[in-house]
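In the part that follows, the structures are each spelled out as structure tokens.
In the two complexes that follow, subunit A is the common piece, with subunit B as its partner first and subunit C second.
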Partner chain A sequence: MEDIKKLARELLADNKVQLVLGFENGTANRVRPAFFTTPEAVDKLIYNEFCIQNIALYLKKDICQHAASLAITANPNVVRSILQLAAENQIKEEKIKIIGITHEGKCVGLLDFKAAEEFSKTQPKGLKDEDKALIEKIQAMSLEEKFDYWVEAFSPCIKCYACRASCPMCYCGKCNVESNNPQWIPVAPHKYGNMEWHMMRAMHLAGRCINCGECNRSCPVDIPLNILSYMLSDFVLEEFESEAGLSAVFTPALSSYTMVDKENFIK
Partner chain B sequence: MARIGVFICHCGENISATVDCPKVSEVAAKFPGVAFSTDYKYMCSDPGQSLVVNAIKEHKLTGIVVSACSPRMHEPTFRRACAEGGLNPYQCEMANIREHCSWVHEKGDKTDQKAIDIVRMMVEKVKRNNALLPIKVPVTKTALVIGGGVAGIQAALDIANAGHKVIMVERDPSIGGHMSQLSETFPTLDCSQCILTPRMVEVAQNPNIKLYTYAEIESVEGFVGNFNVKIRKKAKSVDETLCNGCGMCTTKCPNKKNPNEFELGMGNRPAIYVPFPQAVPNIPVIDKTQCTYYKNGKCKICEKVCQPKAIRFDQEDEIIEVAVGAIALCTGFDIKKTDFFPEYGYGKYKDIIDGLQFERLASASGPTSGEIRRPSDGQVPKKIVFVACAGSRDPAKGIEYCSKICCMYTAKHAILYKHKVHDGQAYIFYMDIRAAGKNYDEFTRRAIEEDQAQYIRGRVSRIYERDGKLIVVGADTLMNAQTVEIEADMVVLATAGVANKGAEELAQKLHVSYDQHKFFSEAHPKLKPVETNTAGIYLAGACQSPKDIPESVAAASGVAGKIACLFANSELTREPLIAMVDRQAPPMYSSCTGCFLCQPVCPYNAIEREEVKDRNGNLVRELAFINPGLCQGCGTCVAVCKSKSIDIEGYTNLQMYAEVDALLNS
Partner chain C sequence: MEIINKLIDKSALATLIERFTKSGKEVFAPVKSKGISEFARVETIQDIDFETIATKQSAKSLVFPKVEKILSYEKTFDDVIVNNVDYTQFPEVIAFGNRPCDAAGFIPLDAIFAGELVDEIFKARLEKLTVISISCKKADDYCFCTSVNGGPGNTTGSDILLTETTADEYFVEIVTEKGKAILDANTDLFKDTAAIDKTPFLAKLEQQFTQEVINEKLNGIFESDIWDKQAMRCVGCGACAFVCPACGCFDIQDETKGKNGVRHRCWDSCGFKIFTLHTSGHNPREKQAQRWRQRIYHKFSYQPEQQKLFGCVGCGRCSRACPSDMNIAEHLKEIAVL
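Moving on to the complex of A and B:
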């Protein structure tokens, strides 16, 4: 943790960045994301096993957008998010300094995009055992069973949109779900309306999701959204040999066409 | 408030025999927003159109739905009527109750209901139509012709003679294409070179034509009327402005044993060469892969003997940028080589040749000076077998189509053979004799009746060598499929015509579509045979499918006509049914997030990046911008954009949603 702080302090002191995005202690033994703008403020910066929130989310918020340059304490999830955001033209390399932190919490110093790509390839995605078990269970289902499973799984959704709010890839200024002319997605949280909302979200993330699992963590009714995204990512990898979050120059599978694309999903 | 008019057409009996038109009209009259509804026998007739025009004026309509045939047929007609009535022409929608209803269903309530539903959908749509203005784009009145075969030559000359500039790009060192390799041409047996070379010279001399040989297309950007093309002019190692074509270099080059492409390997040429004596331009090129100097660093004999000092060993490829308004694709075809056929020895028998090689043998300027002599030992073959449909019409070989030219040139070959080898006998294995065309059947009859070609209907299953003879084993299907064995001295395979090398890459550079055989696709097989799907790019000749000379030339003149029409105005008017990216007041600017995931999906490269800057010139946002000249309104980007920031004018999300809604909630 000390080396992270030292780096952050230096960056601010040397005017290399205007802002450091990281964590600090919150109330009641919790950690919370924080923005540091002076070397002195960095005293409060922390990084420990509780700092799991994907703070790449804040890169698209006004405070970061308005900063001319910034640094971020970046665990593998954050690094993958940054690369994907860069691939989607949402952040420029000149503007961001990545303080790389491995999944074991070890600081690896500053990463440029090239180093970040290498870093990403070596870091595991951190799927929990219970996630793996659930994936296996769903994969064993027939098409109808799968459909029923998800309709059921989505039924408790209260449409609070916490999943959207916590997702670093959900950066659209105006989300479809808010459009009422036409009203693509019904507002009321009923079974099929929920299904429409989650299908839309899943499709918009297909081939772009970097599998940080934030959607699931933020969901107040515990819908395994991360599993849905994870299975889609797996499918995209298998069918199109394409994986999000590994490169800053990347065209997601749904935005590209190549002669070698398999078409065996057309049944 | 919307005041929509609905006009139900009977289309004679085409619609009314199945659909109860007065009933549909009655129901439609009660749809919310419909101010007027009627039915009529022929809405597209003069009185029908007047009915529409008058109704718009009389009932102060704000939009109309013409419920009739496919918009492909009469949409322009009714848009005009709509404009005549005083509305924007795009306030008109067609409800297709013919192709989509009366033609595909039986008479009955359900059919009537479907017609009603279709009308309801379009009423809901037209209520949300926007007034649109046609798009104007400027035109650069210069044409690019790619490929200098007979098709390209014809297109270039016609366009140039219409008074427009032409840039011709030919991949080989000379123009002429396959026709320059032919001996005589069917069905008149006039000498190919004699009729072609004057045209080639005309291309070189025409002040409106700029010719780049030994050149290829590097990239194409832009859109109809405004293409920007990069041409790669490969290094010839010769300064074209100095070379006077004396031919000293080619005579003195000591490195003479290189396979001659023009003679299809049946002869040699020096490392510095002009492909054939009548080449245009008559300027040699150095084949860098074979030249001794390029390989070993020593020689330079050509440089020494060249009087005007035109040899340039250090010459590099040159990239030339040109602006053109239209492009004619005339890159021709190729034929399968004998090594394609395992059953005929994979090309290992020297005396099994292809049709083009036979043309060279029969040609006075060819490797045997026009005598038919077989490649292995130079003997005159006394028994010769021609195999038509070699590879063609053979799904097992992946070529299910008919190559079209082979029946005719095989008959020609048999005639030429008889003219040259009086005591020889020609056998022709064929599947059908396809000789449709002016004087074509007469020509094949002549091969049979006057020149004693023996036609055997059946395929050749195998050819092998025995005692210096080629044993051709086939079946005669007109003789109970009896096995026929011919001991031949030489065999000519009329191999399948296939797409030219590099056709696919070129199509991708130009964004034109091609079929599974890599032949370029026309926009419509009947009504747009020389257009491609990309506006401003046309095609002629054998790059579309195997074609003979008359067809290639006719298509080329067709293309020239199309391009002359395009160049007749200095501005182009295009339909405004194109995609638009949402724009709003600051600070939102647009719902577009600038992810540009839409950019790679656009098949027409129409999506650009627009920078939004504040008053101080600082970059605020990058947004997608769709170039109205390029967009064809295909809608692919709409499907990709997650924030639904893109709408196709005339097919907006709102309109489509309203249609679906009208259908589901009826």
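Moving on to the complex of A and C:
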């Protein structure tokens, strides 16, 4: 942790960045996202195994948008998010200093995008065993069973949109659910309203989700909606050989067409 | 009504719950499933989670569900036929095992929905609801009821309050006529007692500020930069408002198919950007900090002014549910010492 703090302090002291995005201690044993603007403030910066919230989310918020340059303490999930945001023209390399941190919590120093791409390859997405088990369980289901599973899983959804608000890839200024003319998705959190909302979200993230699990962690009713996105990531990888979060140059499967695209999934 | 003191042992309590369900009342209590405790329909006392300090969501859905049909309509050649929901037919509901803060939460909701303008649907649900709360033996780092005029053994909003005094017995306070009706119908289950000092049986929770001080401080800090500072990490979701027992904002949604349609009421939150978005594109609360400020002002300034009560009961649910650890007690404390 000391090397991370030292790096953050130096970046601010040397005016290399205006803002460091990281973590500080929160309520009881929780940690929380924090924004550091002076070298002295960095005393409060922490990094430990609880710092798993995907803070890349804030890169699209006012505070980061208004900073001319910034640094971010970046675990593999955050690095993948940054690369994907860059690939979608949402962040520029000259603006951001990535303080790379491995899954084990080891600081690897500053990463430019090229180094970040290498880093991402050596720090594969770490799905939890329970995630893998659930994916296997769902994959073994028939189409009808899958549909019923998800209707049931989404039924407790209260449409608080914490999943959307916490997802670094859900950065649209106006989400489709906010459109009421025409109204694409029912606002009410009833059976169909929930199903349509989650299908829409899953489709908009297909092949763009970087598998951080933040949507699930932020959900107050613990819906495993991340699993749906993970399964779509696998599907897009298989069908289009495309994987999000590995490169700052990336053509999303959903908005491109090549002559070798398979169409066998259209049934 | 003056509070009536009684005792009930645990087997009698189990019988009481059975009598409720057998007589067709719907009993809702905290139930733990997949590690999360939420209010759910129960049949017997065995189904109930007595340990969890606070359910993830509040008990408000018993009177203000996340989505409910309020009417349906049908267009004819030259008219529209409106069918209101029949709110005289709602079932009798018992909220059981909720915390005193949950019970207190029904009061600001009542003031919102059945103040000057009475929402018949809400009122009908509330009238059919009997609240049997259990005092808190434990509090956690998010609880702050004692700072907002509540307490781990507070009777406000409860029809009956139970306080566990021994491993086998509860001290019972019958607070309202609704509570007395339950006592009268089940006298065999209750034993007489003099009033008991509950303090040794309650969680100790230090007062951090008073709501009156917050109310006073809010006069004159509308333009303060504290809102920007506090709301910096807020991601602008609806989690805090949706889990809050006292938040009553809603959205009205018509779903039409051909000539028929249904009107729903569903939860809404002042934390959402589109909550105040005008059709012109102008948004009077454009920044998240302004929305956070609204949340605090509504609960600690506007509600006291308009309804003579506060809109927060200190349950800490918003803080527990917040993905970014926005701790409302900590923020209020910061305001109190400004």
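Before moving on, here are some points about what is shown:
As a working rule, the second predicted complex is superposed on the first by the 267 of 267 C-alpha atoms of A that agree within 3 Å, B and C clash if a C-alpha of one lies under 4 Å from a C-alpha of the other, contacts with A are read in each partner's own complex, and residues count from 1 in each chain.
Methods note: a contact is a pair of C-beta atoms (placed from the backbone, for glycine too) under 8 Å apart; a residue touches a chain by one contact, two chains touch by 3 or more.
Here the structure is a predicted model, which is why all the values come from computation and not from measurement.
In the superposition on chain A, contact of A:Cys172 is made with subunit B only, not with subunit C. When the two structures are aligned on the shared chain, A:Ala34 is found in touch with subunit C, with no touch to subunit B.
Of the two partner chains, subunit C is the only one touched by A:Pro189; subunit B is not. Between subunit B and subunit C, the partner in contact with more residues of subunit A is C. When both complexes are overlaid on chain A, the residue A:Ser255 reaches subunit B alone and has no touch with subunit C. Touch criterion met: A:Glu88 reaches subunit B, while subunit C stays clear of it. After overlaying the two complexes on the shared chain, residue contacts for A:His204 are found with subunit B alone; subunit C is out of touch. For subunit B in complex with subunit A, the residues that touch the partner chain are 588, 591, 593-601, 622, 640, 642-644, 653-654, 657-658, 661. Per the touch definition, subunit C reaches subunit A in the complex via residues 34-36, 38, 56-57, 66-67, 140-142, 232-233, 235-239, 241-243, 251, 253, 255, 264, 266-267, 269, 272-274, 287-288, 319, 321, 323-325, 327, 330.
For subunit A in complex with subunit C, the residues that touch the partner chain are 26-28, 30-35, 53, 57-58, 61-63, 158-162, 164-166, 178, 186-190, 193, 214, 217-218, 220-222. Taken together, the subunit A residues at the contact with subunit B in this complex read 88-90, 171-176, 179, 181-182, 184, 204, 251-252, 254-257.
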